[in-house]
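Each of the next two complexes has subunit A plus one more chain, namely subunit B in the first and subunit C in the second.
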Partner chain A sequence: MSTPFSTPFLSAFLPDLALLVLALVVLTTEIVFRKHQARWTARVAVAGLAAVLILLAALPLPSGGVAYAGYQVTRSVVVWKQLFALATLATILLSRSYFRNGHSLRGALANPGAFYGLLLFSTTGMFALVSARDLLTFYIGLELATLPLYALTALQPRNAGSIEAGSKYMLMGAFASALSLFGISFLYGAAGSLGFDALAKVASAQPSLSAQPFLLAGVLMLLGSLGFKLAMVPFQMWAPDVYEGAPTAVTAFLSTGSKAAAVAATTTLFLGPLNLPRIDLGAIFALAAVLSLLAGTLGAMRQSNLRRFIAYSSIAQAGYMLMAFTGGEGSEAAARIALQYNLLVYGTASFALFFVVSLVGRSAPETIPSLRGLSARSPALAALLALSLFSLIGIPPLAGFLGKFLLFAVAARNGHYTLIFIGALAVALSFYYYMRLLKEAYQPVQTAENRGAPASAVPLSPIRLSLAGKCAAALLAILLVVLGTCPGMLNFIASR
Partner chain B sequence: MTVPDILFAISAVAVALLSLCVVLARNPVRSTLLLILSFLPISLVYVLMQASFVAILQVMVYAGAIMMLFTFVIMMINPAPHAGEIPGEEPGAEPSRKSDVLWFALLALLGLVLIVPVRYAAVRMVAQPVTKPDFGGVQSMAQLIFTHPDHNPLTVSFELISILILVGVIAAVNFGRRQAHPTSGSATQANQLKDGNP
Partner chain C sequence: MIGLNLANALTLSLVLVLIGAFGMLRRRSLILVLLSIEIMLNGANLALISFNFFLWGTSETGHYLYMLSIGVAAVEAAVGLAMVIVIFRNTRDVTRDRVSLLGETKAEAEA
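Let's look at the complex of A and B:
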């Protein structure tokens, strides 16, 4: 435990404090600027988040990490925080156009201060979640990460779908919260303390399962509550409805930032203090992975709404990521790296997809048929869509391939070959549903003359990108290629 | 069975029944009053667990202050004669008691089934009686939060809770305020001051 306000203490906690201050500042920016409130609030948030990212990357950290009270900062915690900050940054950049009128059929967003403020508070919660050293901090971090998301989902009060999604999400989340509190109280009963150290001691000392029924009950309940956040089967029911109803930028954050936080939380607990060598949690994770893969893959095939499609695809992706928890003893480091790399790659591909969806959604409903003729309207966008979909499937040399390979490798360490076979099968099936999007994008539009039917409602005006849009598209495309071909670069950044 | 056991049984059943009544009550005012009532047996449970400070807070803060606010809000926003009826249901229709009873029986059965594993686990768990003289008092609570010698102090979690509450306030203000036109900045703020802040 380090003393408060010493140099290592400050260098470890400064990014978190800076993020918290930023969230409070962003909340009040609305009052300072009378005109262009949304634009200025976004600018302040982006500048602040960039500063937080620089702080995270530049501040030195002692090799053993720094701990104070229920909070600790280590190397891998810093990597998680960088992932969360990047996801938030991308979400803010994506959301800027939604505050202007006429940029979405669903109506413009209002209240930029609350929107960006809540987003940053959620990120603060994620920071606390991965830094937790006891179950209380962990739980409060989890709540702080998800509570703003309920509000963000319901932030379009004129849109009945948004309100419905928000209430559903909140009710499901409240149930998951109750489940995790119940589980935490059982674990407290078993360990006599909320600290992760004491918990790890009890978890590794028990000779058999029946000696500690409270421990097992607590572990299963916590797993269930994290399953909600992960959208893992059988706790995935909320995902399609919430993804469909939430504002587009919030959906993007749910499927990237929030998913990363859920994976990080599961990693913190189940590759940390609750890594029970004598209880085979790997079997439970493997079962959940198989079910999630099945539900996600089969569900995605039937969708025509893009957001529901993305929701099911993210359920399937959660299934792949759950495979990293089946590695057994000694695979913790490999699993953590596989998950972090995979989340970065999945996040990049998702944001590329959402970028295309947001541009198509300006003039047409966000459905798969609206993508028709995209290659004629904007060849660059269609190429970006193709790159993103190929990466989501996992076609080499794109980044998604290496991500899936790492996950499968972790599962193989423990001999889960059936699981890997099912995973490979799901990849093959995912070809079909991801290619449906691409087929629409590259299909020439049938005009009224050669089809004899009324002209389609999709307007065929070319999509013009602003300079910032062009830069974002180019950056996403470069990232998708470079992350897959030179993953060693990340190693260089992470091991500074 | 000792006296604390009997007291616990009574308060546990009372909490369960009163919470059920909170959900089943058609009238929101009645529901709120039942919620206040249900806090009292909960504080009794806290006393039985030797957490006297939390018990006092439960009565003072929740039953005293927060539920008063609840009642105020409900009385302010719900003056209609048919207040509390669930929209979509026919106004005069008597709610079906049969299904309520069925649900109650089902939940009670579930509770009975759950007793067996919990009892099994509780018997096997080594009971650790509280021996510290000041357990549950104000001083030991403060030590737990700020300077606990054995455990990690809960300072950070304590501060994080305040942020959590702030987020709740922001969300509530945001839903409570009248939706102004997105472009008219000063009107938004005026509405915010008028509607959001009490």
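Let's look at the complex of A and C:
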């Protein structure tokens, strides 16, 4: 426990405060800059986020972390925050071109101040969410992280799909929010306090959970509401529609940043105070993992729309990540590291995929057939797509392999071998649906025309990358290879 | 005569949450769906303050969360109503039938 405004206190909380101030500043940049609003807002947001990342990396933290009232910062929390900030940064870089006309068939985005401001507020919520030390901070963080996303999803009001996705997301989210508040009230009833310490004491002291119906009811309701954020079965129905309707940059953020926040929130609770020793929550997580893997895999196989495909693929990825919660007692540290590594890798691969989608989507609908002939239009882009897909599948030299290996290893600690077998089966099946994208990309265009494909649907002009685009593509490709071949570079996760 | 005790208060809050959930599933009008969400949230809030009142009367933690959650509910209502207004502008109608463009069938049709 440290007192407020001492040095360790400030160095622990400065990044969060800086991010909050940045979000407010970005909201006002639209007013300050009359010309080139989108460009300037993006610049301010990128510079500010870079500063937040530097603060997170550079500020010293006592080995035991810093805690004050409902807020705590530990090494692991700092790693989560770095992941969120990186996802937001990548989303901002990806979104810049969508504010210009003619860069998407869906029309340009407007309101850069609102877009970047809401994105940063959502990130602030995620920061609060992982730093929570009581359910009050947790609940407010969860709401602050998700509420801006509803508005972001509906940020193209002229587009019927965008507003429909936004309203569906909002209604489902509000339902989950009410469920989590109901669950929190039961946990409060059981523990008499909202603090995680009191909760952990009650959770571990009781002889059996059936003697504590309040605790059990609260845990199950919170699990349900977090399952919604994770897009885990049976709470995954919203994901395909929302991913399809939202602006592309928002879809990218939903499938990376928001997914990371949901996983982090589940970690905060279920590897923390609600890590119930008396009841096997692992069995529930294992069941949810199997169902998510099935739903994601079967759904992804029959999609032609790229965004819906990505939604189902992210449901399957959530299934893999749920495996980390089945390790039982003593696996918390390993599970946390596996999840953080996996989310970093999955995020990198996802952004590579979205980068390709955003360039293809300039002149064609975002469907799998639109990828046809990509290798002829831009060999580099097709190679990046291949790297990203191989990493998502988990082919050894690339980063995805180690991520899946770590997750399977956590599940193996508790002897969930059936789960691992099903996971391996899902990996094998994922070969099929990820390879469909690659097959289209490397298919010679000649054969496509011979089959009588409509010529207008296959725009074959070469894709030219700007200098920034080339740099981004190279960086993503290098990351995908380096994260997999020398994960030792990521010692920072283990040592922290 | 029904006594004022924890069991009855919790039953009432559960009934409110269930009414809200039922309304969310059944109502066609988006405005009424938003109202149902408010009823659900208020059911949860009632559980929160009754736990505080009947079980843990020495502190006010439950009331703090209750007040903050009213703020959250207001924000949710604001975002929801903004969307309803946009939907009304686009279609002159605020029933759910207007928001059913996305889905598998359309994805298949595009293929």
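General observations
The definition used in the following text is that the second predicted complex is superposed on the first by the 482 of 496 C-alpha atoms of A that agree within 3 Å, B and C clash if a C-alpha of one lies under 4 Å from a C-alpha of the other, contacts with A are read in each partner's own complex, and residues count from 1 in each chain.
Just so it is clear, a contact is a pair of C-beta atoms (placed from the backbone, for glycine too) under 8 Å apart; a residue touches a chain by one contact, two chains touch by 3 or more.
If you're wondering where the values come from, they're calculated on a predicted model, not measured in any experiment.
Shared-chain residue A:Ala154: touches subunit B and subunit C both. In the superposition on chain A, A:Gly141 makes contact with subunit B only, not with subunit C.
In the superposed model, A:Gln37 lies in contact with subunit B only, and not with subunit C.
Touch criterion not met for A:Gly272: it reaches neither subunit B nor subunit C.
Judged by the touch definition given at the top, the superposed model places A:Ser304 against subunit C, while subunit B stays out of reach.
In the superposition on chain A, A:Tyr68 contacts subunit B only, with no contact to subunit C.
When the two complexes are overlaid on their common chain A, residue A:Ser193 makes contact with subunit B and with subunit C alike. According to the touch criterion, the shared surface of subunit A, contacted by subunit B in one complex and subunit C in the other, consists of residues 136, 140, 143, 147, 150-151, 154, 157-158, 189, 192-194. Touching subunit C in their complex are the following residues of subunit A: 135-136, 139-140, 143, 147, 150-151, 154, 157-158, 160-161, 163-168, 170-171, 174-175, 177-178, 181-182, 184-186, 188-189, 192-194, 240-241, 244-245, 303-305, 308, 365, 367, 369. By the touch rule above, subunit A contacts subunit B in their complex via residues 1, 20, 27, 30-31, 33-35, 37-38, 68-71, 99, 101, 108-111, 114, 117-118, 121, 124-125, 128, 133-134, 136-137, 140-141, 143-144, 147-148, 150-151, 154-155, 157-158, 189-190, 192-195, 211, 213-214, 217.
Subunit C contributes residues 13, 17, 20-21, 24, 30, 33, 37, 40-41, 43-45, 47-48, 51-52, 55-56, 59, 61-62, 64-65, 68-69, 72, 75-76, 79-80, 82-84, 86-87, 89-90, 99-104, 107-108, 110-111 to its touches with subunit A in the complex. The touching residues of subunit B, when paired with subunit A in their complex, are 117, 120-121, 124-125, 128, 151-157, 160-161, 163-164, 166-168, 170-171, 173-175, 179-180, 182-183, 185-186, 188-189.
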